[in-house]
Structures are given as structure tokens and as C-alpha cells.
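One chain, subunit A, links the two complexes that follow: it is found with subunit B in the first and with subunit C in the second.
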Partner chain A sequence: MTQRPETTDKGTGLTIDEERGWRHQLAYVGRLLWRDKSGMVGLVLFLLIVFSAIFAPLVAPHDPLEQNLGFSKKSPGWSFDATYLREVLVANFDEDQVRALCFNLDVDYEGLLTLGEGPAEKIKALVNLLEDQGRIAELVEIVGHLYPELPLPERAFFLLGTDSLGRDMFSRIVYGTRVSLTVGFFGVLIAGSIGMIIGLVAGYVGGRVDNVVMGFINMILALPYLLFVVVIASILGRSLVNVILIFGITDVPIFARTTRGEVLRIRESGYVESAVSIGAGRWRILFDHILPNLIGPLVTVATFEMSGMIFYEAGLGFLGLSVPPSVPSWGNMLAAGRKYLITSPWIAAFPGFAIMLTSLAMNLLGDWLRDVLDPRLRRTQR
Partner chain B sequence: MQSILNVKNLRTRFYTLDGVIHAVNGVSFTLDEGETLAIVGESGCGKSVTVMSILQMIPRPPGRIAGGQAVFFDGVSSRGLLKLGEREMRQVRGAEIGFIFQDPLTSLNPVLTIGSQIAESLMEHLQMSESEARERTIELLTYVGIPGAAQRYDDYPHQFSGGMRQRVMIAIAISCSPKVLIADEPTTALDVTVQAQIVELVAQLRSEMGMAVIWITHDLGVVAGIADRVMVMYGGQVAERARVDDLYERPQHPYTDGLLCALPRLDAKEPERLLCIEGSPPDLLVPPTHCQFAFRCQYAFDRCWADVPPLVSVGFRHKVACFYDLEKGRPRHDV
Partner chain C sequence: MQRYLLSRLIQAIFILFGILVLVFLMVRLSGDPVSLMVPKEASHEAREEFRQKMGFDRPLPVQFWDFMRKAVVGDFGKSLHFKKPAMPMVMKRLPATVQLASAGLIMAIVIAIPLGLIGGARPGSVWDNIGRALGLLGQSVPSFWLALLMIYFFAVKMRWFPSFGRDEWKSIIMPGFVMGFGSMGALVRLTRSAVLEIRGEDYIRTAYSKGLNPRRIYIRHILRNAAIPLISVIGVAFGYSLGGSIYIETIFSWPGMGQLIEQAIGWRDYPLIQAIAFFTSVVVVVLNLLTDVAYTLVDPRIRYEG
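Our next item is the complex of A and B:
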């Protein structure tokens, strides 16, 4: 006969005894993650986003604020400084050389629309035309071939292109995560802590306190949200702190209601009754029995709300109600890209994509967290 | 025998929107050291409310204990349980009087481990350190028959079967060696074989630990096996109280008689239809002014509709609240 019954957890292949230490707990969560692929995608994406927000200066290849009109509205990939190229050509080319260039590029020299007379104006018009057609690289190649001695501009790489002021989109998006995550994190922190306390008090104390508190919550819910934002933004000015405060206040009801509902449910549950029967006091019931049951639902709500706040921050930025335009934020970038939606769609598309990706990551993460934090789902639903 | 719990004229009301529900109307009983008292009766007769009132676990509002007393005597001093403040009451709950609930599936917190829920009571009442409590908890789990207790300390309730969970609930209830154990229909949610195991376990614990047990049930079969004395309740009142053999051999209340006739018998010669008691339980919104069972009683006569019958002694430790003498087949003259 064996001394100890070897109880084996079939899903993990571990004996229950082995599962004790935190190392094994961690390994367990790892396996859980591996099994839930969408949760893993969410977690990896989320960690990438957080990483790029914290280490933005290391991740971003360019200064997000550095303007260079020579690189205005470049599509993703390698680009040349058009302004510099124009200056080189104006300084070195006479009319015949420009004609030859036009011939090589299959451009009608006479047909070039110019403001004034002379080869300099023709060159400007030619470069503008080629820029619009996205043929600058071709121009550089031909000029370099015909006149190897000319000091031609260096190539620069823009992963996601540039905006109208020639700023690197990728770097700006990387820096934009800082705004989005700050708003999401602190907004949820404020709304979550206030909402949880309100919900706990309302649900646990009950009676008249409950009525008063929930009346207050309903009052907040009745505030016309967008109007509220516009008023606050116009009184206090556009700043990150104001946006966080607005979200922190307007989002309190969701947390308060979730908490209150859960507390009401748990308060009447059999296990609270049985805790009372073994002599547990109010505080012990609150901290040992009610709070642990709240963590799961609240963390889940928090991730979804965080994703929502990132969404709404971008929306406010688009309306010009969020952070000042000088700060790279996804909403601001989206608004700036709106004008060039037809000619340079990447300016609006990539920030939009970033918002979508972040939101997706948070939602996947939220789903996964809900499963992980509930011990009932943890082992039964493999 | 020393009596450990003495309940007198307990009355509990619920003030609801429909009116006042007279859930318990003047219930009295005593519980001796080490004995098992079974409280039987149909749903809504006030069995659970009676014991919940004793521990002041009636939800307030809407519930209120309108009167009576419950004296708990622990061998040194006596305490009036109904008058204790919340703080003193908490020292009684769990430490002096343990409680086992009906449904083990909902009575354990799903997000806490089994072990921590048992250790909670030990640390609260016996001021044990965490490691002491852990050690004692594993002993308790082994004691109530959980195999591999040390391995199962960190398991969650959903990893346990219904019977195992009820064993855990029992371990929690006996953790501080209470003098009284109240079991509120502890086997109702379990299947029959597991029921038998739980009944056996409690009987064993009682004899080993010398606890007095109040066993609430509506299963008269269980009562016969475990109880020393039985109290039959009807409409928030005591109908009959007797030693278990007396109750089964010579029931004195028409309701008790009806209940016993409704039991299937293994020794019946021919298969016969089970008898049932016609009618439905009384409306507790109306305060009792007559015998509550009169509506359904085949022996009811004019006096039953005029007065509330008092509990009268009809034998050694045998009391009944009825105006009709079942044995003699005529109204009682001595009441």
C-alpha cells in the first residue's frame, strides 16, 4: 500500500503536491495561457504595447516632434528629402539639362505648370509633380546615374510613412501609446477605486445609504457625457490630467454598479451565512469573503473599461478635445490624417490601426483574465 | 443530566410587505448535554427559524425576535443568547455552538481554498497562528474522513463532491470543539448513500466529542436512527415532544400520527397506498388564536377552534399540544 494517495491532475499531468510552490503556480498559468491562444495573443500584444510606451525613446527610430517638410506625406518605406533634392537641382541644372531629365523621366517639359519663368521654376514644378506621383526615388536614381558627382540626398527609412509635416508616423504612434495607456490606466484607477468603495458601501451597508449613493450614481449617469467633456475641456483647457479626470469621474458608475451587484449577491450567499455561523465579524466577511470574490469581475470590467477609455480618448482627440495638438496622441494623429485620407491614407490609417489593435488586445486579455481569476473555471474548463 | 440549552417561549416574526409573518410562536425546549434532539416538521413550520433565532442569525430587517429567552449554560456560567450584543454573540457562534447548513454546495466560498476556510474559524476563536491552524485543519479534515487531507488543503470547493463538501462543513462546525452542534437538514442536498455516511459521521463525532446535537430534518427515518428525543413542530409551534421510542410507539398528536402513517413500511404484509395528511400548512400571516392544525385535523372539535392548546405532559418527558386524547379516543378533560 502506498503511503500517500498520489492524486494526479489529469489536465496538467502534475501531482497536486507538485503544484504547491509559486514556481509551479506560474508554470500552471503558463500552460493555461498556451491552451487559450487568444488570451496569449492578447497578453503578448498588451505587453508589447506597454513595453513600447515605457521605452518609447529606445523603440522610436526618429524624434516624434522633428518636422521636415522635405519628407512631407511620404508613404511607408525608403524616402528622400525632396526639399534638399530640389535645392541641389536648382543650383546645378540649366535648361538643357532639365529638358534632358524630363525626357528621361517621360515628362512633358513644356507641359510643366510653373509660377514663373526659367529652369529653376521648371525644376520645382517637376519635383512637385514627381512627388505627387511618388517617383522621387526614380528621379534620384536617374540624376545619380547621369551626374554621379552631384551631392544627392541620403535615403531615410520611415516604417509607416510620414505625416504632412514630415514627422515619422511610427515614432509618433509609439509615443502615442504613452498618452493612451496613461489615460486608460489612471482613468481606470480613479474610476475603479472610487467606484469600488461606493459600490461596497452601498451594497454592504444597504438601506438608506444604498438609496442615497445609488441616486448619486444615477445622477452621474444622467450627465450628458460629451457635453460634460466639452465644458470641462473649455473651462480647464486641453490637458492630459483633465482627460483622465473626466474619464475617472464619468466611469465611476460602471464600477460602482458592478461592485454593488456582486456584493448584494455575495452578501446573501450561503458561504457568508456559514461564515457568520462560525463567528466571523463584519470586517472579516468584507475582506475575507466578499473582496476575493470581487477581484475577478472587477479586473475583467477594468480591462474592458481601459480599452473603452483608450477608444474614447482617441475620439476626443479626433474632435480636438483631448491633449494639445503638439502632443503625439492617436486621436490627434487621426484628426490630422483626415484631410489626406484620399492622397495619403496611411496618415489616418496607422493610428486607427493602433487603436484597434490595442482595444483588441485588452479585450482578449480581459476574457482570459476572467477565466484565470475564477478558480471554478480554472480547472474545469480546459 | 445537565441541560445545556434552555429555550423558553421563543417568538420570531418577519415584517414583510404582505404583513407580519408569525414564523415562530412560543417554542420552548431544553437540550441536555450530549443528547441528540431532532426537530421535525414540514417546510415552513419554523424549524430553521427557531435555531437561527437562537444564534441571532435571522436577517434583520425583516426578521425580529419578538420575545422569549434562550439560556446557554456551559457548565460554569449561563448566558441569555437572545440578549447578547453582536460581539459576544460572535464568541458563541462557532466556538460554543457549531452550525452545519443544508446545502454544502453554496455554503463554501468558491474562491477560497478548503483549508483556509477551516483555519479561519481556528484563528478567530482559538487565536492560533497560521501554521498551527494549518496543522489542526489537516487533523480535522482527516478526522471527518477526507483522504489525503494534507494534499487537499489547498484545493477549492468545486474540486470536492457534495458529500466531501458536507464533510468539510462539518469540519468547520466542529473545529473549535463546540458544546452544541446544530445541523440544519445537513443531508437534504445529498444522495441517499452519502446521507447515511454523514449521519454516521455526526453520530460518531457526537459520541467521541460529547457534543449535544440539534438535528433538523423532515426525514423521520433519519430521526429514528440518530435522535434521543424528537420535537415535532407545526405552524411555528411545538406539537409534540418525546423520547424517540415513545414518539414512534405512541404518538399523541394527530399530526405526528399522520406523519408516521405517511411512512412506507418494509414490514407491511400487502402493498397499500401511503396515507397523506389532507390540506396545506397554515397561513402564518394570521396570529394563532386556535390550534393551527385544526384545519387538517380529523379529530378537531369546537374547543380546537377557540383556544390555542398548551403543551401538557402525557408521560415521562413526553408533552403534547392537543385537546384530543388519541389513545382514549375522546377530548382531554385535564387541559
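Our next item is the complex of A and C:
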């Protein structure tokens, strides 16, 4: 085997393989990733998110659509079915027993606010009060202690609590990754393919075509983006396909501009000049030199744009303009949680945290990709 | 320089023309503007009456010409909800939004630029790490979520600030901060990288080799030059805030343009929406133009080229 020249980079301290096989390239990229801890964090988080989107039925402990009003607005952790508990108490307790229960729970029986008369009303008020105070578990314990013959209500575990309809927040967030990633992936796929073709034509053909295309692109980029996305979404109506189309089309200029810029830069570069001088044709230059060099910058832009689309999709959902309300998406969940912000803050807090985490992961990943995939930066690193 | 500015002005006019076309086409995206603006339960007669009243029964080129002719003088027709001319209503909402965006921008500048300057001068220091974290969070924290969290902690729990309205000076603190948060992140990143880049320039090395006082170099050479790219970011950030105001004004009940557009969408009041969309675009395009002018005035490298 021939000897491979090896150099050590001063900046990163990495040993660089000069052999340009893809396996070595991959190993090199892997080592770079290992060195850059924030990129690593981004990649791991992103893979986890993709994993939970694909295997949502396995990851989610509950059915994301299953409603149970007995478990409405439960805080994170173990919970009891309050409706069932209430029914059992109403069916079995008389006034004295309710008084005794109140005494044990340190609750003022007379002070319970009721709509009507009788122990049944008092029990409802008591259960509601304890629910607000998060003391249902205490009630179950005392009832179980005083009246061991009564059937105990069902107990369930909700990692991130439940929403107003008693649906498991964690499962809904897990299923929500599907909506977010679908929008991000297909949006970028559409915008990226159209934008790349437009950018290639503008940059490679040049002249008047380039002027017209760039003029149009500059116009779109001058718009208040968010406002137009919101208005167009309101016109087209709530559906996954519409949201994907909106992002897929409004994001074309970003990809077109990046592609055009890169094409112009590559066209002027020394290696294309030398390829032309040895008689390479237009198509050969396009396929051998321009296209391979476009991959890096476009993948980087795609990462950032996907992150942006996930972000904006949630924003549309928050305004009630994204996927239909029945679909568990992060924006829809946040909008629903806004109503219960004061009493049950977790309903709004966790979906927002999921959006932040996803966006953070993709931005870290994008920053790292920009450093690694951009051949210019990489050369200076070497 | 004058030629450059003139060409930018012409470009801006072309962009505004293009935006008008877009605003015209926008309401026709779903096929029929009548079904967009009239409630679903309306009778066939009511629909046709509305179609005639709004002129949607005429041929498209006639509609287009009529729309453009009126739009260039700021006439976007009457708001369907208020039954009053749309444009003056939008203008009336401008001061509140500008106030909010300015408050956000001031907070962003006051917090972000010092962090960026310190971070660029001392990469890896504690302040640099704080600045970089802020830079990252500014990009990834959704404003509507931040707004809800702030309301929960600072209005509901701590009772420091009111959770909505525009009644006292305290009212602007939370919505202003949320508005500025995204720009804050961008500003930290940019200031930091500008300082880092300028530190590597030849003229800085020359200044050091001349034996100049490092503090003097930092203030006279680095700070001055780092200010140039910041102008453009601040201009862009202001325009960006106008879009973000949809969420923030809705959540905090701030009576600006963002709140108006959210309400107008609920009312299907598309003449009003068209007026808002165009007016906001004008503000953004004019801001971009002003940014370019400011840039030219500040940076001699551009000033002498054109």
C-alpha cells in the first residue's frame, strides 16, 4: 500500500486524510463533529426529534386524540380520574360523611361555594376546590383510609400533564413533531428544488434573465414576510398541504439567491477556468464542478430554512391558521393552552418548549454544517 | 453617490408596484374573492349583490386598473367591518406599533451591543458566552411563547407588570422586551462577528505596531467600523418587528397594526387587510431605503465609489 501523506491541522488539531474517498471524508466530518460539542448536541437532539416523529406510536404512552374529561387539565405526574371519584362520592356519601371528609381535609364545609343545595353539590364543590389546589391524591388517600370498601378511581401517569380535554400532553407533543417535520421537510424540498433551478438558470445563463429573476427575488425579499404568510394562510384556509405550499413557495427566493451567488462564485473560480481551458463543455462544468459544490451551501441553508418553517408553522398554528384544530400540532396546542395560562400553565409551556428545542437543535446543526460543509471555510481550516 | 441613491429609489418604486400587484392578486388566490369575504351562510342574492357592489363582476383587467388607480393615492376601499375607509384606520394604528417596535429596538440595542462588543473583544469570556447564548435563544425562542411565559411569571405570579393594555408606562415593558428579543439575538451575533472581523484587519495590526494605546485602538478604530454593519441590521430589525407585532399585539392587547390585522382576519375584512399589507410594505421598503442612505453617508468606501 502506498504511503499516505498526513498533516496535522494547527487550528483543530485533527489529522487530515489526504485520500479523498468518501469513507475518509465521512470519518473526517465525524471527527469534526465530535470536536464541535454544540454541533453534536444539535445533531443528537435533531435525531431524537426525527426518531420520535417516525416512531410516534411507540414513543407516545397514550393516544394523543383520546379525550377523558375526568383527567382534564391535570398537572404533570400521577393523576386520578376526578369525574369518577366525584360520582363514587355522590353515590355513597351523606351530609355527615361529607362534613367528616371536609374536617379531615381541613376544608370549611359551610364555606364551599355551591350552585344548589344538598351533599351532592357540596361534594362537587369540594372536588373542584381540591382539584384546583392539586390535592386530589390526598382526597383519594383519605377516602380509601376511611372507607376501604369503596372502589378507588383509576390512576394514570401523565409526564407533561393533560390539556383541557384530558388528552396526554406528552403524547400530543410527540405526535406534533410529525406535523412540524412534515411541513419543514416538504417545504424545504419544494422551495429548494424550485429555488435551485431558478438560481442555476439565473447564475449560469446570466444577462437579462438574471436581471429579471434577481429583481423579482429582491422584491419578494423586501416584503414583510410574516405578515404575507399570515394573510395568505388566512385566504387559503387550514390544511397541511396549504401550509406546505405556502412555505414551499414563499421560501423559493432564499434558495434561488444562494444558488445564484454560489454559481457565480464557482464560475469565476480557478478550477472552472482551468476546466474550460482544457476544453470542458458547459454541461460538463455544470455537472462536474458546479452541482457538487452547491450541495454544501444548500444543505446549510436548508437546515436554517427548515428550522424557520417549523418556527413559522407554529406561529400560524398559534393564530389558528395552520393545520385543522383536530390535528395535534405545537402551534395548535399553544393556542389552546393560552386560555388556561393562569390556572394550568403547562398546557402552553410545553409545546412552546418543544418548538424552542427543535429550533435550537437545527440552528446548532446549521451553524456546524456551515463550518464543515462550506469548502471555503474548510480549506482555511486546513 | 447620487446615481447610486437614484437607482435605489427607482428600485424601491418598482418593488412597491410589484407589491401592489401581489396585494391585488392575493385576495383572488382562492378563486373567488366574494366567497372569501362573505360569510358562508349568506344567500345567493346577497352574494351577487356584494359582487356587484365591490365590482368583482367586472373583467379582471378592469378591476386591476381600478384597484391600481385608487391604491396609488392610498384608497383601498372601505373596511367591511367598520364601513369606513380602510387606509386612515391603518394609519391611526401606526403610532402604537412604532412605539412598541422602538421600545423593543432600544431594549435590544442597550442589551445586545455591549454584550457583542465585549464578546468580540474577549472571545471565550463569561460575557461572551452569555452573549452567544442570547444570540442562539433569540433565534429559537418563539415570541408568542416568550410573551405567555412573561405574562405568567411577571404579571400573574409577581404582579410586576400589567398583562395587557396600553394604559401606563409599565405596560410597554413586557411587549417591548418580547418584540426586541429576536433582534437582540441577531444584534449580539452581528456585533460580535463585526468586532472579531475588524480585529483581524490590516489597519488594526498597523495601529498596534505603531504602538497606539489599545484602548484608543478599540474606540477609534474597532468601534467606529463595527457600527457600520449595525445600521443595516437595526433597519432590518425594525421592519421585522412590524411582522412580529401580529403575535405580540394580539397577546398583550396592544392597539396597533398587528392587533388590527389579527382582528381583520377574524372578520374576513380583506379590504382592510390589503390596506395593512400594503402600508406595512411601504414602511419596510422606505426603511430599507433609509438604511441604504445612512449606510452611504457613514461608510466612505461606498460614498466615493458611486
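We take it that the second predicted complex is superposed on the first by the 322 of 382 C-alpha atoms of A that agree within 3 Å, B and C clash if a C-alpha of one lies under 4 Å from a C-alpha of the other, contacts with A are read in each partner's own complex, and residues count from 1 in each chain.
Keep in mind that, in the parts below, a residue touches a chain if its C-beta (ideal position, glycine included) is under 8 Å from a C-beta of that chain, and two chains touch if they have at least 3 such contacts.
Predicted model, so just to flag it, every value in this text is computed and none were measured.
In the overlay built on the shared chain, the residue A:Tyr271 is in contact with subunit B alone; subunit C does not reach it. In the superposition on chain A, A:Gly281 makes contact with subunit B only, not with subunit C. Look at A:Leu236: by the touch rule set out above, it reaches subunit C but stays clear of subunit B. Judged by the touch definition given at the top, the superposed model places A:Leu223 against subunit C, while subunit B stays out of reach. More residues of subunit A are in touch with C than with the other of subunit B and subunit C. Overlaid on A, the two complexes show subunit B and subunit C touching no common residue of subunit A. Of all residues in subunit A, only 215-216, 218-219, 222-228, 230-232, 234-237, 307, 311, 314-315, 318-319, 321, 334, 337-338, 341-342, 345, 348-349, 352-353, 355-356, 359-360, 363-364 touch subunit C in the complex they form. Against subunit A, in their complex, subunit B makes its touches with residues 55, 57, 86-87, 90-95, 98-99, 101, 103, 105-112, 117, 120-121, 124-125, 147-148, 151-152, 154-156, 158-159, 169, 172-173, 175-176. Per the touch definition, subunit C reaches subunit A in the complex via residues 11, 14-15, 18-19, 22, 26-27, 29-30, 36, 136-137, 139-142, 144-145, 148-149, 151-152, 156, 239-240, 242-244, 246-247, 250-251, 261-262, 265, 270, 273, 276-277, 280-281, 284-285, 288. Within the complex formed with subunit B, the subunit A residues making contact are 4-5, 7, 16-17, 20, 269-271, 273-281, 284, 288-289, 292-293, 295-296, 374-376, 379-380.
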